[in-house]
Each structure stands twice: as C-alpha cells, then as structure tokens.
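The following pair of complexes shares a single chain, chain A, combined with chain B in the former and chain C in the latter.
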Partner chain A sequence: MKKDMIVAVCLAIVIVIMSYIATLGGGLGPLFNGVRPLTIIYLNTTLNIHNPNFTAMSPEAVTAIVWDYRGLDTLFETAVFYLAIIGSVAIYRGIDEKLRISEGFGLSKIVKVVTKLLIPMNIAIATSIALHGHLTPGGGFQAGAAMAVIPMLLIIAFSRYFLLDIRLSRGLALALRSVGLLGIALTVFIPVVIGLVNGLNAYIMQNQAKVNAPVSLPAFVGSSLISGSLIMYNVSEFLAVTFGFTLLFILLSIEEGLVKEQMRGEGVEH
Partner chain B sequence: MSRLVRAIPIIVLAYVVYIVFSGSVSTYDLVLGFVVALLSGYLTSNLLVSDVRKALNIRRFIWLIIYGIYYLTIAEFKAHSDVIRRILHPRMPINPGIVRTPYNVVNDYSIVAIANSITNTPGTVVVHLDEGKKIYYVHWIYVKAPDPKTTYDNIVKDFERYVKKIFE
Partner chain C sequence: MNINIDEFLANISLISLIAIIGISLYGIFARPNIIKKIIALTIFTDAANLLAILVGFRRPPSIPPVLLNLQPSPEDIRYFTQVAVDPLPQALVLTAIVIGMAVNLLIIFIALQVYRLYGTLDVRKVRRLRG
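Let's look at the complex of A and B:
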C-alpha cells in the first residue's frame, strides 16, 4: 500500500515536470514562439487560388498532405493495408461461409430494432465524413471505419447469418472493395491520360498544375470546392476501407467449428 | 418503385442527419446529401419500413410529438422525483426485484419504444423480453406487488397508451 502511494506520487511529479517542460519551459522548441517555417509553407500552399502552380486546392491541410504532397506514400500505405486483407482472404480460402451450423438468434428484439434504426443514420454520417474529407478533418479511411461499424453491429446484434440474409456476402464485399481500389488506381493515372491526350507534361497522382506540368484536375464544380483528385481519392478509399473491413468482419465471424470441419474435409479428399 | 416509396421516411431521416452532421446548407451538401439519403433509404427500406402509410401518417406524428413532450416532462419528472425521494430518505425505502410485466402491443417498434421508455426512466430497467408470452422482465426499484395487474398499471400502462397511437 505504502509502495503504491510512493509510485503514484512519483508518477504525478514526473507528469507535472514533463508538462511544465513541454509547455511553459519551451521544451517543444519554437512551437509557442510564433508560426514555424514549415507551417508557413503549408498555410501558403494548401489552398491558394492566387498561386495556381503551388497549391493543393484544399482547405484541409491533412488531406492535402496525405493525398497530394505525399500521395505516393499514402498509396503504398493503402497497398499494405489491403495486402493484410488479402492475407486474411487467403487464410480462409475454400471455406464456404454460407453454410449454417446453427440458427443464429442474435440479441433481443430491442437491440435489433435500435441497431436497424442506426443503419441509415450511420450511412449518412459516414458518407458525409468521406464527402467532406477535402474540407474538414476526416477523410476516406475515417469514413470507411465509421461505415464498417454497420456490419460489426449487425454481426453482434443479429448474428453473421443476417449479413447473408441481406445478401452482403464475402464475394460482394471483395468486389466492392476492389471497385474502391480501382477508383484509387484510376485517379492516379487520370492526369497522365489528360496530359497524353493534350500533349502536355503530367505526373502520376498530380492534382493541380505544376510549373512544368500544366495539367489540373477541376478544383471547383460550380462554386463548390471539390479539390480535384482529393475527393476522388477520399470516396474511393471510403469504399475500399468500408468493404475491406466488412470482409474482415465476415471472415472473423465464421465459426471455428465450421472452418475446421471444412479443412478436415479437404484433407480427406486429397 | 414501392421500395422507394417505402424509403421516404428513411430518406427524410438520413437527409436531416446528413445536413445536421455536415453543418452546412451549401449546394454541394444539399445535392450530395440528397443522393446519399436516397441511397441509404433504398438500401434499408426493406429492413425498416413495412407499412409506409403508417410512417407518413400525420396523426401518428402528432401523437409522437405529444408523447415526446409527455415523456420528457411528466413521466421523467415523476420517475426522477420518486427515485430522488428514495435516495434522500433517511431509511432509503427500496425493495428491488425483477418482475414480469405483460404488454399488449404487437408491432416491433411499439415493443421497443415501450421497453426503452421504461429503461430510460429511473427506477425501472427492462432486462429481458419474452415475445412468446408477451412479457417484459423489469428490474424495479420498489416492487409494490409482483402480480401482472400491479406491474402493468405501474410500469407499462402510461407508455402503452401513447405508443399504441403512434406505432400500432
């Protein structure tokens, strides 16, 4: 007991000292002494209609950085994430998730009805996050994670068979996830195709015009800001993440007994 | 087509949620929000709506508002004051127990609305639902008597009167 008290007091002192160093002591460097040079660069270039050769045309600096300044990095991050999902799909290959070994009652009617009512609201909110990825904090991945709550809730409240009943199968999830990835892949090459057609210099993943590559994707539709390629990346990523996670949840909810039984069956055949 | 008609109440709900969550009424949001609402309504109408005339009935909607006002003022005040009295009373007069409470509605939404109304008022919590016997199992802070009539009159009756007019 006494030892615990000593440890707790020491921890409290360490936290106080650390927070003092970090804030009042100036331990974070020039953070509190004005705006840093790097920040000034981003503030001047993320959304600057007066400097069309040096802007991402998005007021949301994080999205601008993630899908424009360092777009290739994000592209390969996305690839890593989907390779992980491919791994899960490979592990469960040949397992028929449509077989039912029990009835799947789920939770009580109260939970089920409330869960069902949440679905349309959840779709609206998740899609809003995706469609505002270039305007406000959030974006494709966050929106997809919010959307993937729906299959998770349905599996818990209803049982995984319910997803089969509403025809949200592993195959459909895989297909829609691939549509999302295809969207990202196509968006990567759109500026190059425009450049080839018009005989202009262009880079892959280019969003707005550069000094030596005057190809720009439309930043506005009417008076609405869509930030060129950023909205396309966000929406594609939204689709890919939503159904990537859905696919994982479906695979993870397959009963162990069902998997083992089918694997044994395979073993006997060969 | 009937699926889209049935989706109308869901489209309205999803559209309102989209606009409120986005916090903007720009053309961009009004147009895309409607598309999203349409899509989510179409996808979920089979799950959520079986009789669209009931959902669009103005009289039921007015009863819903009346019930909302009744619930948030009178019902909540009665339940809160009762529990506060029991907490502050020097002898703390509680007699907790789980009782069977019958209900007389058939619609899913009615069953859930009554159950959640019971749970949301302090002092009573629905812990289980037996649809076959049409019984809620309710944890009650002061069990006056466990017979069906007492429990029904004290716990379900007031809510059921309104909910029947809204959802049944």
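Let's look at the complex of A and C:
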C-alpha cells in the first residue's frame, strides 16, 4: 500500500511538471500557426487535375495518405493486424466446438427482434463507409470496425450457436479474411503487371501515373470518381477487418467449460 | 486581466491529456489485476492517439482535410492548402485504432489463457506459480 502511494505521488508530480512545461508558452502560443511543408505537398496534390504527375486523385487527403502516399506503412500495419489474429487463433488451436441447436438460448424476444431490425441498417452504413472511403471521411478500417459490431450483436442477442446455425464458422471467417488480404496483395501488383504487359515502367502500389512510370489505374468510371486503386484497397481491407474481428469474437465466445475440458483431455501444458 | 478563451481551452485540454496519461500509467504499473492493467493500457492508447491528432491541429479558421469540390480549380486548392488541418497524424491514428483493437484482443486472449492455467489474474500470484 505504501508503495502504491509512492508511485501515485511520483506520477502526480510528473503530471504537474509536464503540464507546467506544456503550457509555459501560454497554451497554443506559437504552436499550430501553420502545418509542415510535407503536409502542404499532400494537401496540394491530393486531388489536383492540373498537376497529373503527382496527384492521388482522391478528395480525401487521409485516405490518399493511407493507401497512396504512405501505402507501404499501411501494408505493414495490415501485417501486424494479420499476426495479432493469427496469434489469437494459435492460442485456440485444436479446440473443437460441438454443434448445438440455438433454440432456447440468447436474450428475450424483444431484443432479438430489435437486433434483426438493426442489422440491415448496420450493413448499409458499413458498406457505405467502405465504398465512399475515397470521397468522404471513412474507409476500409472504419467500415470493418462498424461491420464487426454485427457478429457481436448476434452473439449477445442470439447466443453463439446461432452463428453456427447460419454457417458462419471459424473456417469461413478465416477464409473470407484471407480473400480480403489476397485482394490487397493483388491490388499491390496490378500496376506492375500492366507495366510488364505493355513494356512500361511501373512501381508496386502505384496509383496514378508518375513522370518515369506512365501506368495509371482509372480514376473515373463514367463520371464517378473511384480514385484508381484506393477503392479496391478500401473494399479489400473492409473484408479483411470485418472477418478478422468476426473470427476473434467467435473465438472469444467459445464456452469456457469446453475449452477447459479439452485442455485437460490433451494432458499437455500449454 | 484578460483571458483568451482559445488559449484557456487549449491549456485545459493539454493538462487533462497529460493527467489522463499519468493516471493510466499508474494503472499499468501499480494495479496487480491483469484486466485492470489492460483497461489502463487502452486508456493510455486513446490518450496517445488524441495527442497525435492534436499535433496536426491548425488554428481557426480550419477545415477537415476533405475537398468538397470534385473538380477543384487552382484557387480552391490554394484555399484548401491554407486552411485544412494536417491529415498525416489522422491517417496514422486511423490505422493505429483498428490495429490497437486487434492487439488488445490478443492480449485479452493471453489473459484468458493465464486465468485458465493459473486460476488467477493477480500478477503477483502468477509469478509465484512460475516454474
């Protein structure tokens, strides 16, 4: 208890000192008067048809940075996401779930009906966020997080056996998530393939034409702006995030008794 | 004495952010329960994300980094460059939130496994059972 007090007092002193330093210049003071030169370049070229060799053809600068200017960063972040999910699956390796009928499980009828009404709306919102990711704030990550609410609602309102009833098993979630990741991987190599076929210079993850690499994915379909590869990345990431989280929620809701039983049955220390 | 309301609000938000970081660090270091440590860790993540967003702030008049006109003229783009906030921290935080959620779930799975194996979430007792 005495140790706790010492830690608390030390942290309080640190907070006071840090606050004093941070507000020394009078809060905003000289801060936030402008942005960095790099940001000026991003803002200037995000949708600039007068400067076709540098633009990302997306009115939304955040998505342009996530999937075009700093695309490789996002690719590696997706790899971190992939590894976190694989780690969770590895902890649950070898645990089978017994099939049960979902009748009689879950919350009351009112909750079930309201959940059924909410789900179509949720799907509409999530899909809209994903498909408009290059035009308005949003994108694959946010849409995936919004969509992952649905399996959570289903598990709470209907019990997890309902997911097995509608055939949304661990294997299916893993497969659909892999489809999403495969979509990202394919989109990365599309410009290179186009370049090889046409004998042109091209880079991986290229979106619009550059000075020395004249390969460019279509920015417009008809009159609507799709921003080249950005929409493909957003939709693929949407699939990957949705089913990645679905997989984690399915694993998290496996019956505790079942897991313990199987761990004891194995007779091995994990 | 005259107080500038913008400066005052900026001070309040900075101090409260630092206080939140301090409190969450206390939770991570001093609480023995793993679940409480995880809760403190998520608070710490959120405070760090907010701090990153704050770095990209621009004084008013400022707008979000989204062009509303899909056929912008050079004048539109010049105005946009002068008033839009920094989109780079927002892009980093966007991915950090989702990745952080997946990593948090992984930590929760590990905590669950610890509970299954040791029957407790108290780090002191888990340490005593080692070996």
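To be clear about the criterion, the second predicted complex is superposed on the first by the 221 of 270 C-alpha atoms of A that agree within 3 Å, B and C clash if a C-alpha of one lies under 4 Å from a C-alpha of the other, contacts with A are read in each partner's own complex, and residues count from 1 in each chain.
In this section, a contact is a pair of C-beta atoms (placed from the backbone, for glycine too) under 8 Å apart; a residue touches a chain by one contact, two chains touch by 3 or more.
Since this is a predicted model, take the numbers as computed values, not measurements.
**Student:** With both complexes superposed on chain A, which partner does A:117 reach: first (chain B), second (chain C), both or neither?
**Tutor:** first
**Student:** Determine, under the contact definition given at the top, whether A:166 touches first (chain B), second (chain C), both, or neither.
**Tutor:** After superposition on chain A, A:166 lies in contact with chain B alone.
**Student:** Of the partners chain B and chain C, which touch A:50 in the superposed model: first, second, both, neither?
**Tutor:** A:50 sits against chain C, while chain B stays out of touch.
**Student:** Looking only at contacts as defined up top, I'd like to know whether chain B or chain C touches more of chain A.
**Tutor:** C
**Student:** Can A:128 be said to touch chain B (first), chain C (second), both, or neither?
**Tutor:** First partner only, chain B.
**Student:** Tell me which partner A:74 touches in the superposition: chain B (first), chain C (second), both or neither.
**Tutor:** second
**Student:** Same chain A residues contacting chain B and chain C, which ones?
**Tutor:** In chain A, positions 225 sit in both the chain B and chain C interfaces.
**Student:** Okay, in this complex, where on chain A does chain B touch?
**Tutor:** So the residues of chain A touching chain B come out as 108-110, 113-114, 116-117, 119-121, 123-125, 127-128, 131-132, 166, 221-226.
**Student:** Residues of chain C touching chain A in their complex?
**Tutor:** Contact set of chain C toward chain A: 6-11, 14-15, 18-19, 21-23, 25-26, 29-30, 56-59, 64-72, 74, 77, 80-81, 84-88, 90-92, 94-99, 101-103, 105-106, 108-110, 112-113, 116-117.
**Student:** Which residues of chain B touch chain A in their complex?
**Tutor:** The touching residues are 10, 13-15, 17-18, 21-22, 26-28, 32-33, 36-37, 39-41, 43-44, 46-48, 108-109, 111-112, 115-116, 126, 128-129, 131.
**Student:** Which of the residues in chain A end up touching chain C in this complex?
**Tutor:** Touch residues, chain A against chain C: 3-4, 7-8, 11-12, 14-15, 18-19, 22-23, 26-29, 32-36, 38-40, 42-44, 46-50, 59-62, 64-66, 70, 73-74, 77, 80-81, 84-85, 87-88, 91-92, 135-137, 139, 141-142, 144-145, 225, 241, 244-245, 248, 251-252, 256, 259-260, 263, 269-270.
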